[in-house]
């Protein structure tokens, strides 16, 4: 009988290890960004304070997202410093005139409609409330994509158990709902889907 | 201790129990359903902010005002321009899906010589050779454009002939042109002032002329009123969409509309319903009635209906002179609400001359309808953006598609006032393509460049100081400080409107009652009907609903 | 304030040109007809029916009747039947919302809808190569095997909302929210407005004696109204006239 | 004796007489082929989507739903017999109990399988459990059917483990004895669940206010069809059971249960059927004169279309309702085995017709004033898929009959383990 329990226990334990430690590594695939980008450097060196100095919301409420080359060209018309990233930016993109294909950590799927304008203007949310303080990131973040769904890992969040998550870590529908429920905001499915 | 089969079973049982307490089954279950929501083989719309620009539709000669929504550099939506003076915010059904046409499977992006792939240099050489050997014909489907000037001068320099193919609506005006000596392209209908419109089979509510112009007019003055300000009488064998909504539908027997016209003429004159004492058809009322398959009483009643609520104008679908003559009797020529003469700012063109075998080569501009095939033994160079199939042309030359070409749009057919619009190329022109004008300039660099000609036209309009520019709001040309400013407005989707029609100076005199002539598209041009290249979404109309019949189902 | 968006469609003005159908499909990323699709298997959130008085020859009369989702207000048939809350009647707009990504494709809602305004994606949506560039970013493409219907051009509602928010307003400006079919109609036969607003022209038009609704007796309070001055259309709509056979229909 | 035959023998209870291995395989062969064809057809539907069927936007439900409703009604024999035996203590019905369980199991699992093919996105079917809409009859159906399927499996296991080989595994035997204590409870739960979902299957159409032909008023949240479906289901259940047993006897050439059981089943069917016909008549009267007119629809909106005209109404009630009821109840006719089985067959046809009318005719009838009456013919994929389910049923039953002690009469020496 003891042997039975032992063998059972071993199987049990192996399953736990596999499920919690190995599975995430198999499920998610790391992808490289076009080149390293440091929010912190920009904040310090160029005195670009506040996200909206690059990530602007238009008068009609459209969010421009990641700034296009012309914004970068404001300063990077030619190389600033010797870094490899700088060289890549200027030579491969700004000079050629094609946009870097950034992998967006908080990219929501095509069936989601999210308006930054409504959340910042009407609800008065700060960028950090949802995105965390990327502004202080001083090393490039890893971008991981779910092999099955193609979603960024940030959507589910980095802890598989979804416990103890920092803001910006985990942007599932349930996370939106949590906040909406807290503020008694009722929107139908198509309030946030398209 | 050795590992037995029993242990394996128990171990597996343990693992199975354990896996339930890991994310594996639950995350997989979730992710697989999410996968089913984003199947990789289903296209995803592009990201990126949306810009809206104004332009004009170039699918046909009507040049309706368009509002184009662009995302990530591609048009993603088309709508009309509200209170656009000509189209009143309306487009034809095809217009709303026109931005899909550039990806149509029939898109032409390769020079073809008698069916085989070829290249631009070869085509160029071939045309140069042809020009050297003999006179050539250059055929233009939309005269009056900046490009037309290039084509015309090229033909002139090569003592070839420049020829035009007029659209059906303009063709329908040909008889009056013949009787008044004014070119058809200078004539139009003053619909806004008409109170009774008698249409002999013209699809007035179904994409006739500039669609928005009449549909809005009809909607405001006729629809749903038992005694409408604007009476639409549709004379047509079948219950067409127009006939279905007309104030009155007269089901005339197929191909006997000239007989009905004759009958009406007799009633009008004999019963002194009109002042005119013009010539009369030989046919008696009785004979005509029998031919048209209508009781005399109804014809008489129809004649009365035509005059009791004037001004009245008769519109034909195919320029049958016998029918057109009714307008002369009704005095509907050069009068308000009738056939009228446009103000004289834009260059006017001779009636359609016809290609004949004597030309060494014939060059067809992309504006020439695909199904028109010139009767010539010589080489045919055809420009087209889409391959409609069954082409007899020796050379198929890919031209820019929708929104890929800078062009100007002169006065729309049937319009009584002159208009001028510029459609800029919102999309980059594919390098595989050339317009006829670009192609000819490769052969003769001295030819005018379209961009320059457009500039010149704007200068000209600015000089004349006639009319107004509409771009958001209306502003008289005279109030523009410079031609450049005005041109800028036009290039941003504005439209120039000329002066009101000069009616007094248009007169038609009829010596004898005209004999019927066959439908007046250039007689010796064969028209082999090929299903038009439509936006794929048009299939909603004829395949997924019963609103219309499939194009292939229409008679050749 | 909660709105109740609805329409009044003037059948005397509808020429059956089909502009609404195409504009709707273009706006909502509805794919072109699949090779084997028919009027019974197509996806046409806005669909124009042809009516006739059943007579032949000179006595024949025809009219055209556009049908989109009726946005039923009361006992909305499709909402209660959906097993997994993929359909709901939105409180703030009165729009009956269909959520294809939640739908499992059981088609129960389609059997429930008396107006046949719901469509099943029998095929994978497909466009000629490259044409995906022309898709509207505001609307996600539906996958095969789910039900879809008119969501009253919800992408345009989103834009209006966002614009209002950016301008610091709570209510949208109705001028910013015009469904594609309404915008496209070349005769202005389709009027769109807020039925909760007593002074809205649409509310007034819906009250006119010429106005009616389809299958009113079923009592689902549709928010799409029709109007006509022609007796025979009215008789047909009120189910006082003979039905066509399938042969006549197709 | 060939190798396979030897293995085969080892699984059959000692002393039980069964057909020779070769004959058994011969019997299975066509059914296996049909099953494979069905699986292929279903595969097509999964791979290419439901465009493989002839359903369309108007016939959103087709042959599959119709037959699902039908076989689930037939499967009602399972819970109802359990209910009779364990709750109402009608122990003389025990001989057919195992058959009832197997029939129920195949009917329900088959129906669920077809439903999985029928939905457009089976991968998301579980959403119903995660985001259930409690107002939807379909949610009720989904929950009850899946739960009851579980119950059926639990009820089947005790029978299963009586197999000669499986009985060698000690833990199974232990389990079996425990399970037997459980069976009455299961029967109770099963009965409740089934009564409920047979009802909700009726409710499925009864709530469709947009389909005046199907719409019924009712009591509380349930339309009258809810109760009619329960009644018709428990009426047809025993009849179907009777037919299955009769078929088994015919094929195996053995007497499996004594005639008394037939008569009892028949009598139950008959009484319930009579009740049903009465109830249905009242319901139809109320519907045609009150419910339907309120929605603006009169009888001629339904019964002026050939072939689905009023003759259906008549057939469903008189020859397929009253007649079998009489045959079942009147002792003189009930004495004849042939007539009894005829009545059972008629009853099954009656329920089939009823389900057909509720599902297919409802969709064929136009609602919009300018709409035509529509027709629909299932595609071969639809037919084949369902054929597969039929074959599956036959195969499972045949195997169970061969290797498990379904009937006292043919238990062999497994007798010592009886069901109580």
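Before moving on, here are some points about what is shown:
Order of writing sets the chain letters: A, B, C and D. Residues in each chain are counted from 1.
The working rule: contacts are C-beta pairs under 8 Å (C-beta built on N, C-alpha and C of every residue); 3 or more make two chains touch, one makes a residue touch a chain.
Remember, it's a predicted structure, so these values are computed and weren't measured experimentally.
Chain pairs A-C and A-B differ in how many C-beta pairs they share in contact, with the greater number at A-B. Core chain by CA centroid proximity to the global CA centroid: C. Centre-to-centre, using mean CA coordinates, chain A is 38 Å away from chain C.
Each chain gets one centre point, the mean of its Cα atoms, and the points for chain A and chain B are 49 Å apart.
Note on chain placement: the centre of chain B and the centre of chain C lie 29 Å apart, centres being C-alpha means. The mean-CA centres of chain A and chain D are about 52 angstrom from one another, to the nearest whole unit. The residues of chain C that reach two or more other chains are 38, 41-42, 49, 101-102, 124, 138-141, 143-144, 249, listed in rising order.
For chain A, residues touching at least two other chains, in rising order: 58, 62, 109-111. Across the assembly, chain B contributes residues 32, 35-37, 44-45, 47-48, 50 that each touch 2 or more other chains. Taken as a contact graph, the chains fit none of the simple arrangements: neither line, ring, star nor complete graph. Every pair of chains meeting the contact definition is listed here: A-B, A-C, B-C, B-D, C-D.
Touching chain C in their complex are the following residues of chain D: 49-51, 55-61, 118-122, 124-125, 127-128, 130-133, 135-139, 142, 204-205, 207-212, 294-297, 301, 362-363, 366-375. On the chain A side of its complex with chain C, the touching residues are 57-62, 109-111, 113, 115, 117-118, 121-122, 186-191, 193-194.
Against chain B, in their complex, chain C makes its touches with residues 10, 12-19, 21-23, 25-27, 29-30, 32-33, 37-39, 41-44, 47-50, 57-58, 60-64, 101, 124-125, 127-141, 143-144, 180, 183-189, 228-229, 249-250. Residues 1, 7, 10-19, 21-24, 27-28, 31-32, 34-35, 37-38, 40, 44-45, 47-50 of chain B are the ones that touch chain A when the two sit in their complex. By the touch rule above, chain C contacts chain A in their complex via residues 86, 88, 90-92, 95, 97, 99-102, 138-141, 151, 154-155, 158-159, 161-163, 165-166, 168, 170.
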